[in-house]
Amino acid sequence: MYWSELAWLIPIFPLIAFVVIGFLGNKLFKKAEGGGYVAIAMAAISCFISLMVAYEILSGGYPGELFKQSLLWINVPGQDLSFTFNIGIYIDTLAALMLIVVSFISTLVVIYSVGYMHEEGEKKRRYYAIISLFIGVMLGLVLSSNYLQMFIFWELVGLCSYLLIGFWYTKPSAASAAKKAFLVTRVGDIMFMLGLFIFFVGFGGNLDYEHIFNFNFEDFVGGNSMLTLGTFFIFGGAVGKSAQFPLHDWLPDAMEGPTTVSALIHAATMVKAGVYLVARSYPVMVETPDTMLIVAIVGGITALMAATMALNNPNIKRVLAYSTISQLGYMFLALGTGGYFFALTQEANAGYTSGMFHLMNHAFFKALLFLSAGAVIHAVHTEDMRLMGGLSKKLKITSLVMLIGCISIAGIPPLSGFWSKDEILASVWETGAENPIFYLLYIMGILTAFMTAFYMFRLWFMTFKGEPRDHHAYEHAHEAPKVMWVPLAILAVLAFGSGFALFMGFGEAIVPSIEHWHAHSEDIAGILTTIFSEWQTYLSIIAAALGIYLAYLMYIKKSINPDVFVATPGRKKVYDFLLARYGFTAGYDWIGLKVVYGLSLVVDWFDRKVIDGIVNGFASITVHLGNVLRKGQTGFVQTYAGVVLAGLSLIVILLFLLGGLI
Amino acid sequence: MIAIEYFLGLSAILFAIGAMGVLVKKNAIVVLMCIELMLNAANINFVAFSAYYGNLTGQVFALVSIAIAAAEVAVGLAIIMNLYKTRDTIGLDEVSLLRW
Amino acid sequence: MAIDYSALYPVMVMVVFAAALPAIHAVAKSSRVLAGVSLVGIFVTMALELMYIVSGEYPAAIGGASVELLRLDVFAALFALVFLAVAFYVVLASARYVEKDRHQAEYFSLILLATAGMMVVAMAVDLITLFAGLEVASISSFALTAFRKKDKRGAEAGAKYYVIGGLSSAIALYGISLLYGITGTTNIAGINTVLAGMGSELDIALLLAIGLLIAGFGFKVALVPFHMWAPDVYEGAPDPIAGLLAAGSKKMGMVLLFKVFLVGLIAIKADWQLLAGVLAVLTMTVGNVIAVQQTNIKRMLAYSSVGQAGYMIIALAVATPYAVEGSIFHIITHAFMKGGAFMIVAALAYVALGENIANYKGLAKRAPFLAISMTLLLFALAGIPPLSGFVSKFVLFSAAIDASQIADQNWMFWLAIAAILNSALSLYYYVRVIKYMYVDEGSTKDRIKVPWSMTAAVAICVIATIVIGVWPDPVIDVCEQAARALFAG
Amino acid sequence: MLENVPILSLLLIVPFVGAMTTLLLGTSPKASKYLALVFSGITLVLSVLLLFNFSLSSTEAFQFRENYVWIQQLGISYNLAVDGISLPMVFLSALLVFLSILFSWDVEERTRTYMGLMLILEVGVLGVFMALDYFIFYVFWEVVLIPMYFLIAIWGGPSRAYASIKFFIYTHIASLVMLLGIFALYFTASPLLGSPSFGMEAIASVAGSFGHDLALIVFSALLFGFIVKMPMVPFHTWLPDAHVQAPTAGSVLLAGLLLKMGSYGVIRVCITTFNDLSHEATIMVALAVIGVVSIIYGAFACLAQTDLKKMVAYSSISHMGIVLLGIATMTELGLAAAVFQMFSHGLITAVLFMTCGMFQHKAGTREIPLLGGLAPKMPIVATIMMIGFMASLGLPGLVGFIAEFSVFTATYNIFDLWVLIPVMSVAITAAYYIWAMQRTIFGDLTTKIDTKHIHDSYWFETVPLAVLIGLIALFGIFPSLLMDIILPSVAPLAAVI
């Protein structure tokens, strides 16, 4: 018996937790942290199974390193095209990697929540129910055996995201943020759906990965142009979910949710679903270099743009949110680069593996950063960094683990972020040989790396160093309880060390099963030599170091006054423009309120006045006609007689007319 | 023998006079008489055609219609009497309680 | 040669009872007794007619082989039954309605005579008998209309009815005389034979005659533009008599038109078919449109009757046996629907509830049975299944579609369209009454007590409406036979 | 087990007897309620029995047939049967009527009439879904109007008089046009058949030999009758008015069942009878355009509404447009999904209208601008509202998704990238629902209305909604339960002869 055969249980346990916590009432869980312990237990069980399954797959313990299981959900036989909807499980190395990340971080976050959400009272039950639901459906998403099933879970994680962003729904800003998240990702979902339609028909009525990956792409209905459109739309889904340009603006607002939710859903797992989707579709994507190029460009733009927005934001969670967007952009850049390179040369470069590597590393250090930020918020009850400062004295553990996270994300060796980011940038440069636009993307990547380092350390310095700016908050600040800092510590270890997976054969383990893909198998020394013998490596390290140094100058040494950036009207404008998120918020509002809602008002007016007006017009014409005709009934019998005789004459004339006599 | 056209002409004129009377005369009795005039126009037709065709059907019809007209007048006069009793008038232009 | 008068027995029964009533009145001064006797007479006659229909054997026609005057066939018997049924519930409802009036015997006697006249019309195969029957019925109904001598409105209605009626009689008679002049005969089938032999040559006199006949008989049917008397007369006449006029006298008008046009003038139907179509559309439209704005229930029902007449005239325009079958069917169902509605109005008038539709507010709570009956009857009039009005409209309208499939009759399709739009329009004012009864609150919630005889009259109509709607098969069968008999000449 | 039981007739007789019993014996509100509940419950049980006894392997297209001559001369039969298209509708009808009666437990005014009318409505709706003879089809079709008219006119909102009569006459005109189409079918088919017949199958068997122009005219007349009922833009304006004024149960049945009659008619009559014609590109495009316009137009109209119920009403238009779009594809997938969507919309819309009803009841208003932040006051209502909205906007795992997705897939299959237009509605649908939720149950507690006495749902409200939500989830997770019933029946329709 293999562990993999139990894989179907993985999403089941959290779902059980959801049902139990959600439907069994407040009374039962009043004592048990609103069901928090149930959620932890179930998440832990499924985490355990996940880890076993993932180990089995990644270590080659399961024959073929691929576990498949499938049940027929609906079958619609047709004359030209039969449609088969399946529900199943498909675990390859990619899914296994995601399983580890999702189940592990989920479990840690749920544990952390017990401390963080302690004061929420009855609302806790709702929290744990939904977060259990989220864990279940997210794991379901990872395990999906076909695109439709993935889409189903894709939507369900979106629902959970919506519910959790709006967890404090009595706060108008939270309700509004939840709405925005749902609707903006919905736009991406529509594209995903369109991609599915194209795939569904194009691939002959079956969306199983198994079927699609082994498909002869020559037979695709609609040809390569349709396939390109299909992959483009699929990527569109990823853009929405992973908050990429131009659908990125919901994620900063999503920070209205509890920090745990931001950590789990909006940093470590759900927003990765888009990356996962593109990685999952790699065998198809590489058939369409145009799409891959778009993926890379969108990734590059997003990475840079989000990083700029993080530069001056005063809200600790917002900074982390922009950082998340930016890092996700890196991942797409990596995937696009790798795919583009492969499509043109049929040779693999490190793009794909480094993208997934970065996904894993980012999951750990970003979860760590968010949860640390949560600990800070928990301590000072504000998210505004301008009201923090000097907290490292009070929050020793937190400041330490957060520092690890910051170094890691900044890309300083040997912490995890360095390894993956460096690989990404290297592969981008390599692809520049095929298409010079990648040189530009490389420059953007380096700039992003610089900014990343700067804003992360700006965050850290502002929060933990210097003088306390809000003494009241400072006085009341206290270190997080054990239930919170233990998960932080675990994550810190991972954020520190997950990069070493590279030396444990991460590259080979994760490659997709495309025939021409040839894995380079190298030993640790070989890898290190390769990495440190290239000038790009040093460039990215220097960029990161410069960023940190700048932050140091500005916020510790104070030798550069941050106010210089708003010193002139021109600079102030740029500064405000960044704060206004490049006007995207206003743009979304304009589309929503002016275009869509305006159009709906037009439709409503048209409906009431024109269409219904015609209907009511008929009625009132009839009524008026009735009144007019009625007045002819004068009551004088001789009028009647006159009408009789006139009628008679008319009839006779009519008869003559019809008879042709006149 | 007088040509049939003359009879027809006469009856048409009678019919038209009767019809005009029905329209313009205000007095109910006169209107009643005008209706009789119209009926008689038809009777003239019947008799004329009867003679023209040489069969008796027309004459029978004329007799029947005269009898009927008599009955009708009887009822009609009663109704007009009744009208006069309740409304103090037999002017048809003064009777328009029922309308619209 | 001895003449076999057995075809006249039903009419004779009626006349005898009519004659006997004043004598009975001398003995028993009770409207109930008089009504009872009348009912017996009507019942006996009905039984006679029914016997003919069921057995399928009819007495010999009256008159010689060449000059038939009256013939009792399935068509005549069926219509006689309709008229008798109408008379039956009218008398039933009148039993208490006239209890305070004078001249009660004459009242019932006149009803019986009017019915007898209608029966004669149904049997007539010669224009003489046709005209005689028509006048018997007309004169009786003039008198009935003005029956309440103290009633201002009754007197006015009588006078109006009489003037327009007399005018129309004269017009019709003039038309008949012209027809006689053209063909030399007054036998209806004979006229057709002569006309058929004359070829397609058009004759001014013939067209004039057609116009005069339509105008003269159209008065009875309340064909637009000869309809204007109807609302005034219905409003002014005693309520049961309004029912008699709407459900009985009007149907006699249809018989007149059928006999003259579909038997006597069928050979030249191309000349008048389109005209009949135009009149049908005009009639239904004007009737329904004016009805929308009425506030008096009797006037509303009167205009609704005008509209319904428009539907029936479709049969004239289409001029197929199937259409006539539909029309006859609709005449039968309408006799119960419209008659029933008038009986309800009579019953409510008897308890001094006004005739204004607004007076019916909250009726559902005050008189549940009458309210539900009214609702059913009005829905039936609007043609909502599964009530009888739906089935008969179904057959009638479908006949227009059926006929429109012949190449040069495509315009008949528009008859069906017009009829259907009118049907929908009529729903509007029927539903308004229903809304008043069920939805709106009345000023009082006192229960209304109605004499059982009136309730029974209403019940007859309602039951007939439902039963015919749910199980129309036998009725349709008879209508088909009647239509065939009509066309057979 | 049910071979010798005339179960379809029983399905008509039981509610009819129930209606009569309720009207006659329902002397107290309580008695009426229990009587109505029992009789509709029996009907529901019968329909469930029907569901379980329906054979998926049968070679007969129709099962449980009952066929008796009714009016011989005109070729009218009492011909009832169900297939995979009507069976889900029969079950849905029995279910919704039962739940609506339960949901109306607090109707104290003229309860007897109310309950009686609901049962009469049930007779009519069930008859429409089971009839295989045009005459009785039409009879039941019209019978439905009357109880619905009264439900709106008596228990409706302030301008109920206008709304009810508009509903009545508008849809009546449509039925009459349909009736003309039926006449034309009858008279054209009868000579071809050799004997007059109103039988749907008999007429369909010869409809192929109608002339093309005639077929087109008849098809259009019938289609008009049906799409007014569905209702499709621009013949939809009766619907928002009727819904806004109707009592909750009336709205539930109106949207849940009456609209389905329209789409059912399109499938059962239009495309079954004129199968060749329906496969013509112009017809398919025409149907698709009507459907798509309704989808988009309805969705936009929803966004502008301030009355919660009116919004839900417009959403019905949008969602019924999806049904028509599915039909327009004329593929197995599209047709099956259309039927599925009818069923799912029936369940979902019931939840939505019941939710609106509860808002009216508890908060005293359904005006969105007056509401706000009510979730803490009535968590169950809010939860139900959310589930209903989510189901309606096509959340996977709930019943609405699979139908919508399949329809769009079929649309892409047939109409290529034109699917872009209807798919846009997915975003707008989400927008109006999410926005409405934000403004009604989330955010600060409203101060515009008195919220002191707002309380959560009663048991008789929660129970029907729980049942509905359970079914929404059940058929959302296991759609093949229904799809397997539907598919064999739509396959012949999709086949090009």
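Note that the chains are named A, B, C and D in the order they appear, and that numbering of residues resets to 1 at the start of each chain.
As a convention for this text, a contact is a pair of C-beta atoms (placed from the backbone, for glycine too) under 8 Å apart; a residue touches a chain by one contact, two chains touch by 3 or more.
Because the structure is a prediction, the values reported are computed rather than measured.
Set side by side, A-B and C-D show the greater C-beta contact count at C-D. In this assembly, the C-alpha centroid of chain A lies 96 Å from the C-alpha centroid of chain B. The mean-CA centres of chain C and chain D are about 42 angstrom from one another, to the nearest whole unit.
A separation of 64 Å divides the Cα centre of chain B from that of chain D.
If you average the Cα atoms of chain A and of chain D, the two centres end up 37 Å apart. Shown for chain B are the residues in touch with two or more other chains, namely 19, 22, 31, 92, 95, 97-100. Residues of chain A in contact with at least two other chains: 630, 633, 635, 637-638, 641. Interfaces, counted as pairs of touching chains, are A-B, A-C, A-D, B-C, C-D. Listed in rising order, the residues of chain D touching chain A in the complex are 166, 170, 233-234, 236-238, 297, 300-305, 331-333, 336, 373, 375-376, 390, 395-397, 401-402, 405-406, 408-409, 411-413, 417, 419-420, 423-424, 426-428, 430-431, 434-435, 437-438, 441-445, 479-480, 483, 487, 491, 494-496. Residues 72-81, 83, 85, 148, 151-153, 155-156, 159, 162, 166, 169-172, 174-176, 178-179, 182-183, 186-187, 189-190, 193-194, 196-198, 200-201, 229, 592, 596-597, 599-601, 603-604, 607, 611-612, 615 of chain A are the ones that touch chain D when the two sit in their complex. Chain contact summary for the complex, chain C toward chain D: residues 379, 384-386, 390, 394-395, 397-398, 401-402, 405, 416-417, 420-421, 423-425, 427-428, 431-432, 435, 438-439, 472-473, 476-477, 480. Of all residues in chain C, only 127-128, 131-132, 135, 138-139, 142-143, 146, 149-153, 155-160, 162-163, 166-167, 169-171, 173-174, 176-178, 180-181, 184-186, 231-233, 235-236, 299 touch chain B in the complex they form.
Residue ranges on chain B touching chain C, taken from their complex, read 4, 8, 11, 15, 18-19, 22, 28, 31-32, 35, 38-39, 41-43, 45-46, 48-49, 52-53, 55, 57-58, 60-61, 64-65, 68, 71-72, 75-76, 78-80, 82-83, 85-87, 92, 95, 97-100.
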